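The first chain written gets the first letter, and so on, giving A, B, C, D and E; residue counts start at 1 in each chain.
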Amino acid sequence: MPKKQLPSRFYPVKHEMQTVEAPAEKISPQQRAETWEKIAQYFRANSLWMLNYCTGCCAIELPLVMTSRFDMERLGMMPMATPRQADILLVTGYASLKTLRRLIYTYEQMGTPKYVVAFGPCAVNGGIYHDAYAVLNRLDLYLPVDLYIAGCMPKPEAVMSGFMKLIELIESGKATGWKDYEQRYEWYKKNQLEAVGEVFIHDEFHE
Amino acid sequence: MTNSMNSVKARWAAQMRGMFPDARLKKDRGTEMTYEILPRDLHQILAYLKNSGWRQLSMITGVDWIEEGQFELVYNLFDWEQGLRVLLSIRIGRDKPQVLTITNIYAGAQYYEREIHEFFGIEFIGNEDALKSLFLERWDALPPLRKDFDSRAYSDKKYVKRFYDPVYGPQGGAPFERS
Amino acid sequence: MIAYQSIGTALGMALFAWLMQTGLSGVDRKITARIQKRRGPVWYQNFRDVFKLLNKRSVTHGWIFDLGLLIALAGAIGTAMFMPMAGIIPLQGYDNFFMITYLAALGVFGRALSAGASGNPLAAIGVMRGLTQNIGYKLPYMVLVIVLINYYKTSSISGIAALQQVQGWSVLKMPLGVLVAFISLHGMLGKKPFDTYLAPSEVASGPMVEFGGKYLGLLNIAHEIAVFVEISLFVNLFLGGGATLAEFLLKYMAVYLLSSCLGAVMGRLRVEQVVRFYYKVPIGLTILQVLLFTLLYGGVS
Amino acid sequence: MNWLSLIVSLFLTGIAGYFIARIKPSLGAWIAMAASCAALLLVLLGGDALPGGPAWGLIRFEVTPLGWFFSLLIILVFSTNGIGSLAAKGRQHREPVYTMLYLFALAASLGVFAAENWLALFIFWEIAVWSSTFAIGLGNGRKGSVSYFGMSLLGSLMMLFAILAMGSAYQTFQIREALTTALQNPGPALMVFILMLGSSMVKLGIMPFHIWMPPAYTEAPDEFAPALAGGLSKLGAFTAFLVSAYLPISGFMGGSWRVKGLPALSYGLVLLASASIVFGTLMAIRQEDAKKLLAYSSAANGGYIIIGILMGTSMSVSGALVHLLAHALATTTAFSVLAVIVRQTGTSRMDALGGLAHRMPLTFLAFLTAILSLVGLPPMLGFVSKWLILQSLASQGLFLPAAAVVFGSIGSMLYAFRILSTVFLGQLKPRHRALQESSPGVLLSLAILSGATMGLGVYPSGLIQYTAKIEASLGMSETVQTAGLSIRGINGNLNALLIMGAFLIGMVIAGAIFFKAPRSRKVDLMDTYTAGEFIYSPELYHYGTQFAAPFERIYEKLPSISRVYAALASLTDDLGNLVKYLFFSPMPSRTALWISVVTILLIWGEVL
Amino acid sequence: MMNLNPVLTIALPLILAFTKIMYRRIANLFLIVGSLINIFVVMFLKEGQYLMGGYRPPFGIILQVDTYALYSLLVLNVLFAALMLLVTKKAENLTSSSLIALAALNGLILTGDLFNLFVFLEIATIAALILVSSIKKYHQAFNYMVAGAIGSTFYLLGLGLLYKQYGTLNMARMHELMAASPSGSAVAVILIFIGLAVEIKLMPFSSWAAGVLKNADEWIGPMIGAIYGGVMMIVVGRLFTDIFVMDAKVRLMLSLLTLITLVGGEAAAFQSRKVREVLLYSGVAQAGLEALLILNGYPAIGFILVLSNMTAKYVMFLLAGYMAEEAGGDDFDRLTGVFRSNPVHGFAFTVAGLSLAGLPLFFGFIVKLNLLYNLMLSHSYWLPALILSASLVEGIYMLRMILGLWRLPEGHRGGLQVRILGSSHRRKYAVYTISMVLSLALILFGLAPDNALSIARRARGADTDGKPLVLITMKGGIGQ
């Protein structure tokens, strides 16, 4: 059955990234900025603070990762209480309609550079809830996801290796989801409004 | 089930039969009894049960029998002293489902009725608070738990899916590769 | 006037304070990890955290939010500049105990100001809890030090340290006092039983709710320097201050690691429990200690 | 230009001000401001060598360094308050009589500070009392002025009793003569000392006598509260200085056993002052109204001054003098700022305000300097005085008062942060968005006051040298020394400029790091971490009432002293009722009965 | 220039009182003329003994005029004449009785003969009775009559005993005899004291005063409250310093009675909520204080205290009565803010109130200062403490009242015009002038009290039991 050609916005667009684009705030000759960026990426990679925001069922795996057997603090990762202080937003499991609104609001409160790590298939293609009326099927249309960790409830080993993969991505400067969010902000916003209708809800319970 | 419970339950069941002849005992699982009753004497039975000890209305659940064209509402009551649970189930027509509210007997029913209205579209006369939305924010389709609501179609329409080329087995890059 | 050389040593003292303490707190994180049977981060993890924070782009809530933070760090650095350490006395003759505590208090007040200016009620509640505990542990601590000052007849810290070299540590003179001082020190460091104002679940890390990026970095530096000041005060006043640098650092690490190990194994108290604890045990012990002291040494003339 | 003409001219301008204000009400504030500023210039230029002027019957003046210090302080407070209240926006015109009372209070307190004999001092003291009573009466509410007058009357009658006792025992009313003769034959000197200190404690608002402060400060008109809180309550400290400079050293007090070198009676009063510090701070933490909070904080700060005076060492007396100035400046600034807020928002209840710093940043900065000085943090003058008092407490070894002073200074951080965060920081309510910055005149007065607090705080040696001169004039043997920039204490010395220098270096370093790091994004006040919830109304999101709830729960059952006074008043009422019932009944038979009974009693007594 | 005989002050009003019956229309003219002539006569009196009817001293009527009597007469007649300016319609039919009262009061001060004193006392009480009945409170008038009658009978009884023991009625003679053999005369002295105590409103005996003064109008209030009380106190002053000699026990018992009055009066005043009631009880308390001073050997200060209290109470009763009549009642909340619309009233009332409470710059303060100073000189510390606490209570309730009257009621921002100036303008201006003149006098004496103090020294300089009278004057500070 011939594959139906869907409108372009459904396919992951390979946006052309300039190789290394100097961060706007320090206009200085190329090499100095580059070395400084290299050093900064080393620090960012080795001290990742994750936001304790457990959206779905995969969150139950996090305590195992934090405690003595797997100990993510070895990688320099610590759970932090507020989005202001955190670098990583963990979307553990499915993202329902109402959770997405809170996810977007929290993501925008985080300081850049920030990364989104999605656990399990639910963020990739809706997973077992793909036909539910309230669950989203593709998270990366709404938030720039830097890393997916496979496994319907990924085992702690998978989570640890996922984090180490993220560290590699950051060190190699490839984890630039937050820049993509800033550049294609309108595209993300359009998708969000299409799915959610209105991010900042005003109703009886949120006056 | 201690025998003292048996005697209490037996006595009570006899009273129930005496007062409401057309309340059919559908199922009796020891501490839990299910009655099928007519919608019009729902309030009388509820009032009677409340006086004789069933102080807690645990929940109201809705069931959509689309083939028979009917909705079923099950009122779940619990008596703390005797530890007995009673389920009253009533059947109402599916086309214009309307039931009188029971908030005057059990005040707690207000949010249950509101939820059922949101998910089934059953109207509760006398509880205007029930018309407002409760959980679903900005819901724009049929009440989702009705059988004639196609959840998959809604999900396909509303939330864009991820499509793969139907090529199976290990490929070069992972299905998703940013750059 | 003050020679430039002593200003240089003062700045060096502040820098050394930060470096040494950040490294030591890295070791402390490793030890707490080991206590919890896990591997824990590398010892220089705190440096990596601070520099990562300084490279993050964060959010500000107005000029008071920034000004308060600058006052906090300036207060901490200013206090560290005065701190004598085993023979190295940056500003000779001006390292007065009251001046150091009140300059540190200015740092605390700066942090409270910027937390308040963040507009988040959780921050205000956190600061209130912090200040309530501050009354709890600062009161017995300062009364004990006043008793020491009265005994040694000088309120300059290097002076007291030097006298202790001669007359023996004040631990021997007021054992109860040192115990209370350690409990207060534990509270000042914000270690586990007494860190209700930082509780991540209850008040979302208290005053630091709205601090991100460079704000959290600066705050971290100020906290490290403040920890250095408090512990070196404790060592100078109660443990004889160390003739050589090595002796001082040894005592310093002993006190710090003991306090962090205690912290690692204790659960966090509720605010009422902390406040009630401080108004029963330490203040009771202090009163007992003061009475003992006046009878033994002072004597009512 | 002599002191008598200064005071008489102030009185006359007061009366003239009344008549002018009756014609054109807005001119009243002008006259008040002009007169007080002129007085400030005259006293400032005249220095403390100002001639006392001719004697007018009993009223003779003699300007002493102590008197000059106090007069400079109170004129500074009155003139800055004058400038502030003149230029305030939305100022509803006060009654014409307000200008007269304002200038009478100023002139009377100048009279007190330069009086040469006790009777002149008492007369001017009383004029200051009843003119400020009627000025408070102009505000909203009567309870404040009646309790103010009641307590001040108690204080001044105590003083009258002491003056007359001294006069009758030593046949002289000259202040210096009476006090020196008290050293030789200490007849009623003990009673005089207690009563004089009692009267000054009433005026300073120490614990048992503080009940007039909260109602008086809240009900006084907004323009008068700064002058009352900053200036007029300092009258008490003047007599305390005079009396305690001479009497404690005299023999009669030395005889009894001394606690740590302090006569037992002075130690008792020091304990009372420390109790006042603790009580004032605890009550201040609990208040919901900003003005009441500041009233209880000035009760606590009054305790510091009394402790400083009674300890008698050179550092403590200089500490008390410096604290007096620091407290006066800080309270005047704080109350002027509150006056601005009340004028624009209509209330001084803390939970109804919030986030005002964003609407009036300069006023906030002035309030911040005042609060830092009240708490006693380094760059401000309050720190210098607290340092001096703590140093002398430590060297004397008085541990209980030291604990109270320490508790007072740390506790003040709690109520200082409370008033800052509920009134100025936190969420700005929509209805306060229209507030504007206070007018330039008010800002000028606030600038003068906070500039003085900060300037003297950083460079106190000039002030400390003058306190040394005062101590010498009061006849104290050794005075506080200052070497160059630093103050030489007994067991440690303080170089305020060095501290400020270290702090500034720290600030430069912090600034460098701050501006090197990436710029941060300015965010609206409501865009804060709400655990993912959407909250849109600032009123819900401001933490105002029951601020230090866990701490307040500990001392919920603290007994309030004002109940004691209420019981006293109702006791007199009952006695009055009994008397009316017994002796003034309308039935003639009862009078006849009483007449016969009394006659029989008298005669029977006589016959025996 | 011409030495007028003091008897004129008594005779003239009597004559006018009786001739007035014929000329009904111009009755108040008689009143004013009578009192003005009296003042004129007093101005030119010279001190000395005036013998009437040619008989030798023990039998003839002696009128003695010393500085004490001279100045009391002056104050009495000035106040009385001021009251006459207020001649209202109501006063027409009272002219004769008030003239008689004037004559009786002058006689009381001048007479040198005890029985003559009794006669004048009777006439004064009867005249006062008629005046009191004018305020239509007959029950109170009846009480007053009963009390007056009991009082004068006790006085007569005491006088009889004295006459039996010493055989003479002449004051000077009685004094010498009593000084010689004071034993046995104590009972008589007590009886006389009680007789007069009813008049000067000491505690147990003054229930009549409450009734009368509580609803006295601006005519009766000053008359009974200030003038009668003051004159009676002056008479007690004369009797108990110049004539009677009492031993310590009697003096203690009587001063105990006055102490109770002082404390009781202050408490009652603190409790009451009506203007005239407050003034009444504070008057009783002040009377207690004055009697206390006279009994305990401080007649000079007692004398100025009586004069200053007389003027102060006169002004306050005048204003209180006037306000109460216009506003129809005198409790605080009805009258709040009344001074705001009548500042002249307010000023005079406040000055009188503050002088009564003894605040500086007013005459009351100077008196209290000297009072306490002399008490302290004789090393008694408890009495000044008591007096000071009494004046503390008095200060509080006086100021509470004054502030209440000055303040605008809560809801009002200006605008409340309790117009007191309802009825006749002439009466309003009369009240204005009297109260302003007297309050200015209080201020004037407060600022320059030296001549007032010198009067007191001359009037009562020579103390009976040798305590030197030391006065603090504005000029010389402490002078002997």
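Operating definition for what follows: contacts are C-beta pairs under 8 Å (C-beta built on N, C-alpha and C of every residue); 3 or more make two chains touch, one makes a residue touch a chain.
Just so we're clear, the structure is a prediction, and the values are computed from it rather than from any experiment.
*Asks:* Hey, which chain is the most central one here, using CA centres?
*Replies:* Most central by this criterion: D.
*Asks:* Which chain pair shares more contacting C-beta pairs: C-D, or D-E?
*Replies:* Most contacts of the two pairs: C-D.
*Asks:* Taking each chain's centre as the mean of its CA atoms, how far is subunit C from subunit D in angstrom?
*Replies:* A distance of 35 Å separates the two centres.
*Asks:* Give, as an integer number of Å, the spacing between the C-alpha centres of subunit E and subunit D.
*Replies:* 43
*Asks:* Round to the nearest whole Å and give the separation of the Cα centres of subunit B and subunit C.
*Replies:* 60
*Asks:* List the centre-to-centre spacing of subunit C and subunit E in whole Å, with centres computed as mean CA coordinates.
*Replies:* A distance of 76 Å separates the two centres.
*Asks:* Would you mind listing the residues of subunit A that make contact with two or more other chains?
*Replies:* 25, 82-84, 101, 109, 201
*Asks:* Taking each residue of subunit B in turn, which ones touch at least two of the other chains?
*Replies:* Residue numbers touching two or more other chains: none in subunit B.
*Asks:* Residues of subunit D that touch two or more other chains: which are they?
*Replies:* Counting only residues that touch two or more other chains, subunit D contributes 518-519, 527, 529.
*Asks:* Using the touch rule from the top of the page, what pairs of chains touch, sorted by label?
*Replies:* Per the contact definition above, the touching pairs are A-B, A-C, A-D, C-D, D-E.
*Asks:* Residues of subunit A touching subunit B in their complex?
*Replies:* 3, 6, 9-10, 12, 14-15, 17, 97-98, 101, 124-126, 130-138, 140-141, 148, 174, 191, 195-198, 201, 203-204
*Asks:* Report the residues of subunit D in contact with subunit E in the complex, numbered from low to high.
*Replies:* 57-58, 117, 119, 122-123, 126-127, 130, 133-134, 137, 142, 145-146, 149-150, 153-154, 157, 160-161, 164-165, 167-168, 171-173, 188, 191, 569, 572-577, 579-580, 583-586, 588, 590-592, 594-595, 597-599, 602-603, 605-607
*Asks:* Per the contact definition, I'd like the list of subunit B residues that touch subunit A in the complex.
*Replies:* 132-133, 135-138, 140-141, 144, 149, 151-152, 154-155, 158-163, 165-166, 176, 178-179
*Asks:* Could you please specify the touching residues of subunit D with respect to subunit A in the complex?
*Replies:* For subunit D paired with subunit A, touching residues are 518-519, 527, 529, 532-537.
*Asks:* Would you pull the subunit C residues touching subunit A in the complex into a rising list?
*Replies:* 29, 33, 36-42, 45, 48-49, 51-52, 55-59, 200-201, 204-205, 208-213, 216
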